[in-house]
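Got some structures for you, see below.
Across the two complexes that follow, chain A remains constant while its partner is chain B and subsequently chain C.
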Partner chain A sequence: MSLLRREEWQHFVRDVDWAFSYVDDEAVYPEWHSGTGKVPREAWLKWEEDYKVTYPEYVATQREKESAAYAVKAALQRSSSFDTLDEGWKSSTKMHFGGIALVEYAAMLGELKMARFGLNGAWRNMATFGQLDELRHSQITTFFGHEFVGKDPQYDWTQKTFHTNCWVPISLRNLFDGMMIAPNVVDLAIELPFTFETGFTNLQFVALSADALQSGDVNFANMISSIQTDEARHSQQGGPTLEILVEHDPVRAQWVIEKSFWGSARAFAALTGPAMDYYTPLEHRKQSYREFMEEWIIDQYIRTIQDYGLKKPWFWDEFMRGLDTWHHALHMGLWFWRPTIWWRPKAGVSKDEREWLREKYPNWEGVYGDKWDVIIDNINANNVEATLPETLPWLCNMCHLPACNPTQSRDGSWRVRDWSLKYDGKTHHFCTNACRQIWWKDRDNVNHETVIDRFLAGQIQPMDVSGILGYMGLTPDVMGDDPDYAAWTKDYVGRSATGLALAPAESEES
Partner chain B sequence: MTVPAKKPRPRRTFSAFGDVRRMPSEYEVMTHAQNWTTRSNRLAAFEQNPSSPANLWFLTYRENSPLQAEDWEQFRDPDSLTYRAYVSMQADAEAKTGGVLEEYAEAEADRALLPGQLALLRCLYTPSRYLVHGCQQIEAYVGYMAPTSYITNAAGFAAADFLRRVTLTAYRTRELQLAHPDSGIGESERRIWETDGSWQPARRAIEKALIAYDWGEAFTALNLVLAPTLDDVLIRQFREVSRDNGDQLSWLLASFLQADSDRRNRWSAALVSFCVEQQPGNEEALRRWIRRWTPIADEAAAGLGGLLQTRPERGHDASQVAAGARAAREAFHARVFEGLR
Partner chain C sequence: MKNPVGPILRMGDEIDKVVAAIEDDNPGKEIEVIDRGSYVRVQAEDRITLTQQTLRAYLGADYAIRSLEAIMSSFNGRIITTSDSITWEKVSARRDALAGRE
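Right, the complex of A and B next:
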């Protein structure tokens, strides 16, 4: 005799809602936490997850996964594989550990919120598994990153990043607070499990897992592919929620999708774009960032939202054009402001690498080549000093990333534009038209200070680069620098140089 | 500006632990300061307008809670539970549960239940999944709002434990329904939970606790008052009554669940000690909430005690049930607060 099949009894686990008598339903599920909006309360009775799981199944499966992931780690710990990894690849992992570990924890908080405020018992149960999954991801990522702190202090930022006011985590907190921890659970289920987990995390996890194997980092590939196996389960909360919202309030569904898609696209251009197109050694690159976006986001995600009866986002053309510029501009920004980040960004613009970039992005040379040439020539003239920052870039009031996106004018020239907006006596500046529009619609939540606003208001002292680095929590042992200037400048040694910065004494005279 | 030379001495662990002599444990490495909304020097919990609804909620119910501590990151779960340890432990526990369920199914034990015991299972045991789901929600809220990841994780595991209990109750509901199709089991639970007089004080308690939004009050209401009281009725005393009425399976299954309640009690007690050590004023806040929730819990226990008295062939006196639950809670509180003196 064996146990009863799950289908025989699971409806009892799912059927745990009741009608309150001693308190108001609105008090238990307040609108801004539960977010039913125009959807009638009873419509949520129909909520049903596609992927069913029970508690005993969950703990048994997860125990196996955990043993496997940690066994691989233990086996590799004895090898010297870490020491032989390319610096560019190591930078991708530092960025990942620092940029992701605590985001997994933020997702745990989001799942706990859905486990409390979700509008259907089955949904709350799924979220109870979801919070365990996200805890798993934060713990395994933190633990794997911790292993390397003795070898390289930049791995300290695995835990530290999001406790600082570095501009990168400010931008990411702004995004993830808004889509994972703070929103009502209906929006949250569409933003986190649906847009983020069925869409964008594929970029970081699938792409990076392939790159990790190519780069010989089996340990890292092991970790992230094990994490990815959990997504299918808890990301199921998005679909049923979206289905109900689309039926009763398609306008809101469209807006929630658009807002979270745009924010995610901006963040991943900063995080995944440089890792894929610049840090991963040329011989190990499988696809460009653009190609990967086309395959995983543009085709799959858009097909998915259209299946739910939604439209392509209104900013689609701006987004598509950005695939050729955003991450290249952000890469240049990350490299130039390298003392403000916790990894060693490699420029990745040797002749061969440029050839690859030109092939993948036909406009690359025209938009970015001349800027890199100025940097290259200054480095070859032994003037690294001239390539280090003296001030801050203008940050977008919506995504908090540098406003550095060039677009093409009618005369063919490329210029970085400022999208500004006057509101409440202040002029706000945005990196893109969509950032401006999203800010306007969501202004009650997102109207707050960028690092630039804080700097100009005198909150950062002293008002110079040392004050900025202190405010951002960067210590000298962690500040990023290029790991190997010669690697990408030696191809150009001896050519006639233009645009050299003058030595400080001469520039004062001129 | 220049990029200064690298510092020579290698780190042993995260700088968040300070200059520690002792290497932090695996539990501490994985748990410490994981929640960025609790970072020091924050203007508000969220990187948003300080007066956004989410920031105001956290300001009201977490930052301005009567429970205050100098440094919440110093709290430790006495079980040092990590995700890996949790799923491993519970997979073992569930394998044991599954084995027992199979054995008793093989023996067709449900067919041999005394009519009174079956009535008790119908009126008390199977409808309890609604109550326990409410506990699961409140524990999830405690985790969502807690001021440190050390508390959030413990609450997250406890919420999952409640789901474990709901799951087992659901499984048993189906088994009993199959063995006794005319008993009403599997059909009448919600009606009993919503209308049966014996359940109403417990339902009132959990509904009220769902809207106790100060995180400290939610923790106190559930982990210090309602759960210790009602677990005593629904786990310990139910187990004893089941044993006295020949229902060995219920007796065994309830004893398996006791481990989860004991673990929750351990970290809850440790959290009380921690709060009071951090700030003496916390004791009064906790005691005030305990006073508020005690009569609610006692009424709930008394209501359910009626079922333990009247349904089974060999019942326990209702007033004894209520007194036993009160005594169990008071003994727990004595242990919790005694450790402080």
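Right, the complex of A and C next:
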């Protein structure tokens, strides 16, 4: 028996937008969830996905993907490949497992919201597949990470991270609650599938897989690139939604993209930037973070936005300048406050590595070199204590990342700026101009308190580093430390040094 | 390339055959292949198509075009899937066509 072609039957089973007779449309699709806004209700009848899939096709293809991913995992189960991985690369994976596993679960909730409140049957159908995808991602990520818990307790944070008050998951909760949990489905489709999954996840799931494979982590490369095949499909909910919104309310469309683009750019500078430019062993780096950003975001994503009739975001110049500074500053912050994270950040500033950084980022030495030199000389003077934190960084009230972005002054010097704003009797501090402006425009939305806000309010006791580490759930067996100090300091042993902090023993003698 | 569109294929032993099928289905079109190890960008300007029939010539008579999803981590442009073909085209193509520009 020959089967009907999909085109001959799919619309009958998918387009189920019948007229309600016992309830109002508003009762079924309330504005606060469905968010049609200025778009006439009937405009959503035009919503049509270009990436069409039926349920039989979906389950058959997903079965093939799962079989392939788990077959690779099984084949490597008894090999020693994990033990031979570089500690820096392992840190990239710990960061990924902990930072992503339960975000996938939150994304499933977002997809479920679209599957229920999406304003067209085709959209709801696609979101139903999307929620199954995200459930798969949450499961495969936690399962693959769990394998290593017995070898290294930091992998336990695969499942634990989002159940703690560590500053990293608080930052990510703030971003993703705003992107996946709080919005109505129209905004959600543009923030999550369109901006995040069409643009930024490619960076972490496809681009990073290139470094993973080079580093010998076949299993991880296979897992993340398999996940992204689902994203490539369900992210296509964004395009049809955007087309309709641009037609009826382009100002809203532009704002929603800009807000989510900026938040994603900040998070990926912290998550993907250090992994690509510092943790991945030098000989295994395929491209720099900036080059991957140019490939996936600057070229591909911006062309897509403009093809939909929208403009480059207003903060474009600030974003582009940040490509040379944000992730370097965040890397230094992650390294310096290493007891507050669940991976072992590799400093990655040996002479060879610095040469690579200078080649990729011509300003790197002038902005960061002298700071690392002080740290290096302290390590070589056997004064590691001087490189450990005794105070806390200011966390931006918008992105919750350390406010550590240098910008160049007219006299050529680089300074970290504070962008402040007084509102409602309180002074808020931001890491960038765009974080300040987005917070102001979005000030009535959900904003989590930063760890610093909580600290200053007395919620964290005792009010010192040990108190804050306890609050964040970091135990001595898990808290981060550099995996190999000698690897990046031995090049500089014996040089004359300035800027050394006095070692405790020397201070007592003097 | 002005408006590159096309699939980004993840690591696997089918990539070369899929690229060959794309070349067969788009005669006269310059197909650019950028190999980054774990992923390969396959792209051409404005529009390319891939059919199940050609894929079957390379990957076996029972190959279903829906299976391409399992190796397509991403793509550039707008994708249009039917039961026997996939097309990637520049996002603005539909709008341009409606406006009578093409």
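What we mean here is this: the second predicted complex is superposed on the first by the 500 of 510 C-alpha atoms of A that agree within 3 Å, B and C clash if a C-alpha of one lies under 4 Å from a C-alpha of the other, contacts with A are read in each partner's own complex, and residues count from 1 in each chain.
Note that a contact is a pair of C-beta atoms (placed from the backbone, for glycine too) under 8 Å apart; a residue touches a chain by one contact, two chains touch by 3 or more.
Everything numeric in this text was worked out from a predicted model, so none of it was measured.
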item: A:Lys426 touches, of chain B and chain C: first, second, both or neither?; value: neither
item: First (chain B), second (chain C), both or neither touched by A:Thr229; value: second
item: First (chain B), second (chain C), both or neither touched by A:Ile170; value: first
item: Touching partner for A:Ala60 - first (chain B), second (chain C), both, neither; value: both
item: Winner by number of chain A residues touched, once chain B and chain C are compared; value: B
item: Contacts of A:Leu213 with chain B and chain C, given as first, second, both or neither; value: second
item: Which superposed partner A:Thr142 touches (first chain B, second chain C, both, neither); value: first
item: Chain B versus chain C as contact partner of A:Arg495, first or second or both or neither; value: neither
item: Contacts on chain A seen with chain B and repeated with chain C across the two complexes; value: 60
item: Residue ranges of chain A in contact with chain B within the complex; value: 1-4, 8-10, 12-13, 15-16, 18-23, 27-28, 32-33, 54-56, 58-60, 62-63, 66-67, 70, 101-102, 105-106, 108-109, 112-113, 115-116, 121, 124-125, 127-129, 131-132, 135-136, 138-140, 142-143, 146, 149-151, 153, 156, 158-160, 162-163, 165, 169-170, 173-174, 177-178, 181-183, 338-339, 385, 388-390, 444-448, 465-466, 475-477, 479, 481
item: Residues of chain C that touch chain A when the two form their complex; value: 3, 8, 10-11, 36-39, 64, 66-67, 69-84, 90-92, 95
item: Chain A residues touching chain C - in the complex, by the definition given at the top; value: 5-7, 50-53, 57, 60-61, 64-65, 68, 202, 205-207, 209-210, 212-214, 221-222, 225-226, 228-229, 231-233, 236, 239, 286-287, 300, 303-304, 307-309
item: For the chain B and chain A complex, residues of the former touching the latter; value: 1-7, 10-16, 26, 29-37, 39-41, 46-50, 52-55, 57, 82-84, 86-88, 90-91, 94-95, 97-98, 101-102, 105-106, 129-130, 133, 136-138, 140-141, 143-144, 149, 152-153, 155-157, 159-160, 163-164, 166-167, 169-171, 173-175, 186, 190, 193-194, 200, 203-204, 207-208, 210-211
